[in-house]
Every structure is written in C-alpha cells, then in structure tokens.
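Here subunit A shows up in two complexes: once beside subunit B, once beside subunit C.
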Partner chain A sequence: MAAAPLSESDAGSYLYGIVARDRAAPDAAGVDPRHAVVAVAEGPVAGLVSRVSLTEFDEAALPQRLADAAWLEQKIRAHEQVLDAALESGAVVPCRFCTVYRDEHDVRRFLAERADVLAAALARLDGCVELGVKAFAASTPGNAEATRAESGRAYLEARREEKQAREDLARSRAELVRDLHERLLAAAKDGVLLDLQSREASGRDSEMVFNASYLVDVTSRFEAELTAAAGDYDGVQLEVTGPWPPYNFVPEELGRP
Partner chain B sequence: MSDSGRPVLAHEVTLLELVDRVLNKGVVLTGDITLSVADVDLVYVGLRVLLASVATLEEQRQLAAGEAL
Partner chain C sequence: MSSRELDSYRSGQPAQLADVLERVLDKGIVIAGDIRINLLDIELLTVKIRLLIASADKAREMGIDWWQNDPFLSGENGSGKLEQRLRRLEEKAGLPTSSEEG
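Presenting the complex of A and B:
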C-alpha cells in the first residue's frame, strides 16, 4: 500500500506497462513520487501501476500540464525510468505516456479483457530489447558553379549538373536506407523505419538520412552486424540508442489506431 | 578507418528520443482512460513545447561551453 494517505483526488491509476504475472514491481520512483509503483496481477499478466492525483492528471487539467515543459520532462523521464527498471529483469509491454485510469478496477478489466494478446506479446518480446539506429551524413554543400558561371550557357549547364547531383544523392540515400534496413532486419527479430528528424529537432549539423528501430534478441548477432555495417557506408555516421522498452513493437491491435 | 567506422552508442538518451517514443508509441488505450484517443492532439501540443525547451537548453549549453573556453 502507498505510504501517503489517500485522498479522493489520488484515485487515479497510472499504467506504465504490462509484465508477466510473476514479476515484482520495479524499484523506481513513479510519476508521482509520493506513490510507489506496484504490480497489479490479473490472470497471466500484471500491470505496473502507481496512484496519481486526478487533479494533476485528469483530462481537464492535462492541456495545461502538457504545455508546461518542465512538468512534462520530469514525468516523461519518470515514466521511462519505471519501464527501464522493469526491462532489466524481463519483458515489458510499454504503454504510452499518460495512460491514466480513474480507478484500479478499470486497469484490472483491461488486463482481463486483453489477457491473451498481452500474454502473447510478452512471450514474443521475451529476451528482446528495442534498439534505435540512425545514420547521419555530413551536409553536402550545393554546387557553387551555377552562381559563378558567367555565360548563360555555362549557367544552364551548371544548373543541369546540380539537378543531376541532387537526383543522384536522393537515389543513393534511398539505396542506403533499403540496404541498411534489409541487413539489420536480417539480424533482428523485427524492425520498423521511422520518420527522419529535422536538424532543428535533432540539434545536429549533419543530416539524418536513416531512422529505424529494431526488436533485437539480446543474444543475437545484431551488434556485430551493426559494427560491420558502420564501415560500409562512406561519409555516414551510425548511431545506436537503447536498449529501449519495445515501444515500437507493441501488438498492432493495442497500438495507435 | 574513417570516423564512420564504428557506430556510436549514445549512452545519454536525448529528450527528443524519449519524447518520440514515450508520447507517440507504446500501447494506446481507449475507453476508461482519462486521456482518450480523441485528445491525441494534446500530445502534439506538449511535443512542440518540449522541442522548444530542448532548443533553449541547447542554446544555454552552447553559451556555457563558450564561456568555459
């Protein structure tokens, strides 16, 4: 039971993710540090849950909360820390941020109703983590010849070459994406291509040319394949993030509609 | 061997990476939860603010780095 006295407004149940029934709750502070994370067992699975204030997390209050960057960052990190801690000792099906039920009975009902699909997902994810893989290419300076060209003909010629160079670049990048994804997928259990992030978002000078995530068996040759791949693409820097809870590999019927 | 010879394992997970997954992916429930799927736009509101704060933090970091030199 949580240490803090429960008031009416603390009745919300924040669901972080789902684990197998026999698993203990991870030792991590929840999104509301006053309340511990507990494992709510139902059938073959258990929900990782902590109590939250509905004043803080209710639908009416959320727009304002989500506009508060400091609040958001703190809660997002807490959400992730609970799932990271859970991932250390076994499979977890992660929930999206701010999955809040008004009451623990509703959590139990969800777990009971979706027991089959959740148990199957946990079996599939067992021994696996998600790894993010990105590739960055140094930005290519545009062809300066066009602006320097003196005659009209030289200008047009330079423009034509510039267009050709752009098309070649687009083609070689598409090829890189296809090739890299194919070889990493062959070493992984599953994989998904994600949207590229803009320079503004990633805060880097180099351009993102590849963004994907893979479901990887921890004993697999994935990292060896990645190291091999890293030397095979000129002017491209690979970056790995993770291990992540398998956010990108939740069962389709439970994902975003 | 070039710089690109080895993948870099990013130990410090950026907030952007986190936001990208935690706000957009994972099990998305409907029904009894308080943040319903109809309110998905709220998540983007939050995301925009967060990205703005990341940019601000980055500027501060660069300023601090500049002063340290």
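Presenting the complex of A and C:
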C-alpha cells in the first residue's frame, strides 16, 4: 500500500522550527488552533509542524491575509509562541513566518537533505538564547532659536550652532552604538546590530538609539555586563527583550532564499 | 538547558509586536524550495519574495522600514535588482514574466 498522504487536499504542513530528534513537541497552540503541533523526526533532527488550511495559507490568498493586521498579529504570535515553548526545553532553529510545505513528506525531505547543517546549528545554539537590547535617548535636544532670531547675522549664527549640535549628537550616538555593541559582543557568543525602530513601532516617546540582538550562553556574564552598561550611559535607557528563539543566529546558508 | 534564568525579561508581558515582526518576518530559516507548489525553483522564489514584500507593506504601516535599506527588496538602491533577476530567471525558465501575470 502506498504511504497514506498526511492531508486531505486542503491541508499543508506549517514548519515552525527544528529541534533535536529526541525532543517532544511543545505544548502550544499552532497557527491553526484546530491542529496540534507535532515533532516530525528525521535523522538527528525533528521539525515542529502543524497542519494548516491551504485555503488560509494559499499563495494567492496570503498577500491579502498579510494585509489584515489582526490576522497577521494572531498568526505571528502563534508562530512565536510555539518556538518560545520549544526554547524552554532546549535549542531550536527557528523558521521564518509562513514556511509551509505541501505535506509531511516534503518536510522530511528537507530535514534529510539539510540534516548536517541543522544538527550543527543545534549544537552551536545549545544552552544559548537570543536577547534583544535596545537603548532609548531620554530626549532629543531641539533648537528653535534659528526661526526666532531677529537679525540675519543672529540667524546664521543660530543655524551654525544648530548644525554643530546635530553633528555632535550624531557623533555621540555613533560612539554609543560602537561602544555598547563592542562590550556586549565581548560577553556574548555572537551579536548583530538591527535597524532602529520608529517611535510608532517601539511604542515609546523617546527615540531609539540602539537596537541589537545577541546570542547569549545562559551561564555567561552577559547579564552582569548589561547591568554594568546600564549605568554607564547618561540620558540613555537600556531595555532587554527575550529570551528569543535565535532568529538572528541561524546558519547563514539557511538564512537567505 | 533551561532558559528560565532569563525569563524575567518578559515578565508575563507579550513582546512588542515590532520586536516579533523584525525577527519572525525578516530572520530565521528561509527555504527556497519550501512552498507547496511543486513547479520550478524560480516560482518558489517568487512566492517567497511576494510574501516578504506583502509583509513589509504591512510593517511599513506599523512604522517599521527595515526592508527599505535592503536593495534586494526595495528596488531603489539596487535599481530594481529583484525585478530584473526575477525576469531573467523567468525568461530562462520559459515562464510568463511577473509583469504579465494578473
């Protein structure tokens, strides 16, 4: 008898991430709450998979779905929660959102083809988590002098000062980024600078001046370094996020299309 | 190994959506051949990129603009590098080009 297909015609296999073979599936609702997350073992690794409706995750329908903020947030958070739960009990190599295979057979084929690189990645990530570090400046010095200056000379002078202040600020911020990144990197296994987020995205009134993520051994001195750093920069507030599944630290060959 | 020691950061609060988005949409394993359509690789790549762009549009509304600095996606600094690459590959594969699709 031929292998029974996993799915009826409308079901696909959503892949969240990859864990070691002996790991159980995390206890978390998947992107489609009707279908449980299971661990599909193949060789030394296992894929965390749940069934999804291909009508919902269809190629043609997806752009429209993704424009639906409520749908997007719900699914993205579900994706994240499965990986968070997996991270609680060991290393996980996270997949990008909406990695959908036709069926379990295709998932297995991927796991078999990339077994070596996936197993090596899991070994490297073992005992590590990703921590995000953001810094916010208390305030941005503004300068309304130029527009209020009465004489032409005063105007030009004010403009010059304003320009100087902007340059000084940019220089000191660049210095902060370099310095902070360097010392945190020294306490971490790896680290990357991320793009700064706008106020709307960060949900803060103050301006983001630093955004980075680090691969941190949970037994390392990273937290101590972070605590020390928090007191070393005037007018700057540090914020830590995570632990995250190590999205920013998947092997390079797996991190691009 | 457990990561419990570091759990305090989350303190029961859901993560900021922007922090999740910049990771889940932009990072992690990308598999060129993953999508369920079992045609040519190029088509799979196209699907993946359409997905990225659709996601980025949403993100822009939320004030995130990481992809604008990515010439591969923005088509600005790379003068449509992505478009050109897709068209070349599509022509090579004898597929209708992107611009001809509905």
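Operating definition for what follows: the second predicted complex is superposed on the first by the 246 of 257 C-alpha atoms of A that agree within 3 Å, B and C clash if a C-alpha of one lies under 4 Å from a C-alpha of the other, contacts with A are read in each partner's own complex, and residues count from 1 in each chain.
Just so it is clear, contacts are C-beta pairs under 8 Å (C-beta built on N, C-alpha and C of every residue); 3 or more make two chains touch, one makes a residue touch a chain.
Keep in mind that what you see is a predicted model, and the values were worked out from it rather than measured.
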item	value
Touching partner for A:89 - first (subunit B), second (subunit C), both, neither	second
A:47 touches, of subunit B and subunit C: first, second, both or neither?	neither
Partner chain(s) touched by A:199 [first = subunit B, second = subunit C, both, neither]	second
First, second, both or neither for A:231, with subunit B first and subunit C second	first
Subunit B versus subunit C as contact partner of A:30, first or second or both or neither	neither
Which of subunit B and subunit C A:132 touches, first, second, both or neither	both
Subunit B versus subunit C as contact partner of A:247, first or second or both or neither	both
Subunit B and subunit C footprints on subunit A, overlapping residues	12, 15, 17-18, 54, 59, 62-63, 66-67, 69, 72-73, 76-77, 79-80, 93-103, 106, 110, 132, 194, 197, 200-203, 240-241, 244-245, 247-248, 250, 254-257
Touching residues (chain side subunit C, partner subunit A) in the complex	1-7, 9-10, 14-38, 45, 47-51, 54-55, 57-58, 61-66, 69
Subunit C-facing residues of subunit A, complex	12, 15, 17-18, 54, 59, 62-63, 66-67, 69, 72-73, 76-77, 79-80, 87-90, 93-103, 106, 110, 126-127, 129, 131-132, 194-195, 197-203, 213, 216, 218, 223, 240-245, 247-248, 250, 254-257
Subunit B - residues contacting subunit A, complex	1-10, 13-37, 39-40, 42-43, 45-46, 49-55, 58
For the subunit A and subunit B complex, residues of the former touching the latter	12, 15, 17-18, 54, 57-59, 62-63, 66-70, 72-73, 76-77, 79-80, 93-103, 106, 109-110, 132-133, 194, 197, 200-203, 226-227, 229-231, 233-241, 244-245, 247-248, 250, 254-257
